[in-house]
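Next, two complexes with chain A in common: one pairs it with chain B, the other with chain C.
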Partner chain A sequence: MSGQLIIFWIVTLVTVLSAATVVFSKNLIYSAVALLFTLLGVAGLYVFLWADFIAVTQILIYVGGILVLIIFGIMLTHRITSVRLSHSSMQRGIGGAIVLMIFVGLTSMIFRAPWYRVAAVEPQETVRQIGRLLMVDYLLPFEVASVLLLAALMGAALLSRKVN
Partner chain B sequence: MGNIQSISYFLPELMVIATVVVALIADLVYSDRNSYKVGYLVIAGLVVASFTLWLSLPEETTPIFLNTIVVDPFSRIFKFVFLLATFIVVLMSMNSDELKGVRTGEYYTLMAAMVLGMSLMASSVDLIMVYLSIEIVSIISFILAGYLRAQVRSNEAALKYVIYGAFSSGLMLYGLSLLYGLTGTTKLFQLSGSISSLGPGSNLTLTVSTILMLAGFGYKVAIVPFHFWTPDVYEGAPTPVTAYLSVAPKAAGFALLIRFFNTLFGTGQPLNSPVWQAMEGVPWQDILMVLAAVTMTVGNLVAIQQKNIKRLLAYSSIAHAGYILMGVPVLSQEGVYAIVFYIIVYLFMQLGAFSLAIVVSNRYGTEIIEEYSGIGWKSPYLGFFMAVFMFSLTGIPPTAGFIGKMYLFAALINGGSQFYWLAIIGVLNSVISLYYYMRVVKVMYFQGGREKDLYVPGGMSAAIVLAMAIPSIYFGVRWSFLADWVNSSLKFFIAGF
Partner chain C sequence: MVDLNTYLVIGALLFSLGIFGVITRRNGVAVLMGVELILNAANVNFVAFARFGGMDLSGHIFSLFVIILAAAEAAVALAIILNIYNNMGTINIDEADQLKQ
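Let's look at the complex of A and B:
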């Protein structure tokens, strides 16, 4: 087993196990901290896909920004750490069976699908290509995203304003 | 077409964006008390955008912005629907007591921004653009649904909407990523070419992808397994917003659904030839047929038990989504034509019913159907027009709803014998819907006292109701004007009745 493969499996294990902790932990703080490792693991997977720019963005925005916000949100909310999160779900048996069926179905689909393959080329830095794509091929989505963000900003301002 | 040359084809949307920006700045200038004036600015902007749209006459499907979106007759007519619906709803909002006393500057600005999102939904031919346009419409819908922050049920509506929205977006993205994984492109036209050369090995993946994408599109048009958010959101949101959500984003969702699936899984020039075929192997037509049947049946059966007029209209809008969905798997211009005709007619009758519900709630302070008792005698104006809208929604001649349904059923019958069962279920559902629509009329006329205070709603509200009622009747008697306009706008050549 090559060194690369060993690192890949470590990254994958960290991602999946910490994601499971996020879901199953009864304590919100534990969940938030476990999310840190999930996001870092996903960034690692991006590195394996030669998506260096997205990997760095993932760490900067999700780990550096959003996760810190989440933790702030938890800590500033009154007594939220002592709230017992109930995970009791009804119909565990049937639910589990359906989830298992979906898992098996999707997995077999993934193995059977004739995926599009590109010939292996020497990976290059992606920043230049992304910039070009955003400014030429995907100019309209790039500009329209600003309208989306504007609307979201207005919504956030609206929700946080005092009710009169 | 390159980015610079595309701008001249994008003028109507640019006008909408300019409206958003101007409205946003004007909202800063006006004080809280005068924030409703932003509404007038938005109306002016919508009129300008409609005018520029009127001047653009695309002859055929022209891809612009390097194959990101297209301008074509199909998207043009849907853009008119969005502009008209937004125009009416802005007027309705100005005359709603629910929105008095809250700052409404952002409200109108967001509605203008939503027009942009819906226009892009109707014209997207790129997976990224499809996702982005759906998100614009969704996020603005969340904000509008929760606009009345002092009301618990409005907050609840927004929260439920966000959770369902995020979940269905996730499913849709997974479906889109499967498409990308099979073909390595995000452009719809290239996708359809690559898919047809993939061979039968890809059918399973394509079917899974279709179901996942339907979760996203179906959530926007509220078809049945993805409809659970509808009644709660429609009940909790401010009534003008409910009216808006039940018409405009639904129309946008159908525009996207029709274009996306027909281009992706159709062979033989979809939308541009009289009839086209479905690609072998992916049973998307069957999926849509079953969903249409289930959607209208569930919508109608659950509507029977509703006590709140907004919930009743919510379930009725689910049923109508089912009727409209019947036209999608027919794969003929006649089917698309029937859908567009029905959506225009549906716009008038649905917005009319909601504008009446707003007038009743302003005057009598109730949304409960049982408390509508005697309104038919107290205010013949409201009673008569409510009856008109209810008849039209049921599809009883001589109302526009009847003509719309007739076109849909005719398209199904002409489509071939595999659609007969769907047409029969559609007719049976119309009969079921008669019961609950007529119950509203019955309560208004045959229950409660008959005191006459002869209430006539004030200027603007009365005008909106009248402006919605006239087309609902007129297009039931003489619909050739509308039929010709739809026909020539779509550049289809369909023999009329």
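Let's look at the complex of A and C:
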């Protein structure tokens, strides 16, 4: 087993185990910290998939932005000094059964489907091509995304301000 | 080296765990964390198909858009959760069953 493979399985294990902690932990703060490790692990998987730019974006936006937002959400909705930051789950039995069925269905589909595969060569650089694609082939979605971000910004600001 | 199926199974695992979080958690913020897991699962699939399925860099672009949407979604969802907390004093999504107080 090569070193690369060992690191891959470590990253996978960290990702999946901390994702399980996010869902099963009784403490909301533990869930948030486990989510941090899940997101970092997914960034590691992107590196193994030759997606360096996506990996960095994942760390910048998810870990630096969304996770901080989520922790803000936790802090603002619980009084930290007096708190039970614990949170419970409901109907774990039924939920677990449904999710198990979904997982088994997905896995059997994955191993049965004749995926279209291409032997790709490792790209020398991805950033230049991603920039070209964004500005040429995907220009309209790019602009729509900017409008969407503006709308989300204004919506969030409007929703969270104090009403007089 | 690692095959396409391995990444797809990892994506399926993350997706299942995310669904489990969404349908069993009572806390609004925890439901949001489940949604983030689901989006990450989709992203892993996109990038895996970009690497193995001949989707090339279009897969990367799609996962970039998913990340952008996740950021917008997290901001708006947290604003809504804060509003629910201010109005009802709880973020238990079972109790937040009215549009107005």
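Here, the second predicted complex is superposed on the first by the 140 of 164 C-alpha atoms of A that agree within 3 Å, B and C clash if a C-alpha of one lies under 4 Å from a C-alpha of the other, contacts with A are read in each partner's own complex, and residues count from 1 in each chain.
Assume a residue touches a chain if its C-beta (ideal position, glycine included) is under 8 Å from a C-beta of that chain, and two chains touch if they have at least 3 such contacts.
Note that the coordinates shown come from a computational prediction; the quantities given were computed from them, not determined experimentally.
Asks: Hey, is it chain B or chain C that touches more of chain A?
Replies: Comparing touch counts on chain A for chain B and chain C gives C.
Asks: Pick one for A:L28: touches chain B only (first), chain C only (second), both, or neither.
Replies: Second partner only, chain C.
Asks: Check whether A:L159 is in contact with chain B, with chain C, with both or with neither, and answer first, second, both or neither.
Replies: Both partners, chain B and chain C.
Asks: Please work out whether A:L139 is in contact with chain B alone, chain C alone, both, or neither, and reply first, second, both or neither.
Replies: first
Asks: Examine A:P114 and indicate which partner it touches, taking first as chain B and second as chain C; both and neither are also allowed.
Replies: Touch partner of A:P114: chain B, not chain C.
Asks: Based on the superposed arrangement, let me know which partner A:V147 touches: chain B (first), chain C (second), both, or neither?
Replies: first
Asks: By the touch definition at the top of the document, which applies to A:L36: first (chain B), second (chain C), both, or neither?
Replies: In the superposed model, A:L36 contacts neither chain B nor chain C.
Asks: Give one of first, second, both or neither to describe whether A:L106 is in contact with chain B, with chain C, with both, or with none.
Replies: both
Asks: In the superposed arrangement, what residues of chain A touch both chain B and chain C?
Replies: Touching chain B and chain C on chain A: residues 106, 115-116, 118, 137-138, 141, 145, 148, 151-152, 155, 157, 159.
Asks: Which chain A residues qualify as touching chain B in the complex?
Replies: Per the touch definition, chain A meets chain B at residues 105-106, 109, 112-116, 118, 136-141, 144-145, 147-148, 150-152, 154-155, 157-159, 163-164.
Asks: Which positions of chain B touch chain A when the two form their complex?
Replies: Going by the criterion above, the answer is residues 3, 6, 17, 20, 24, 32, 65-66, 68-69, 102-103, 106, 109-110, 113, 116-117, 120, 126, 128-129, 132-133, 135-136, 139-140, 142-143, 146-147, 149-150, 178, 181-184, 194, 198-199, 201-202, 204-205, 208.
Asks: Which residues, counting only chain A, touch chain C once they are in their complex?
Replies: For this pair, the touching residues of chain A are 4-5, 8, 12, 15-16, 19-20, 22-23, 28, 31-32, 35, 38-39, 42, 45-46, 48-51, 53-54, 57-58, 61-62, 65-66, 69-70, 72-74, 76-77, 87-92, 95-96, 98-100, 102-103, 106-107, 110-111, 115-118, 120, 123, 126, 129-130, 133-134, 137-138, 141, 145, 148-149, 151-153, 155-157, 159-160.
Asks: Sort out for me which residues of chain C touch chain A in the complex.
Replies: Of all residues in chain C, those touching chain A are 1-2, 4-10, 12-21, 23-30, 32-34, 36-37, 40, 43-44, 47-48, 50-54, 56-58, 60-61, 63-65, 67-76, 78-83, 85, 91, 94.
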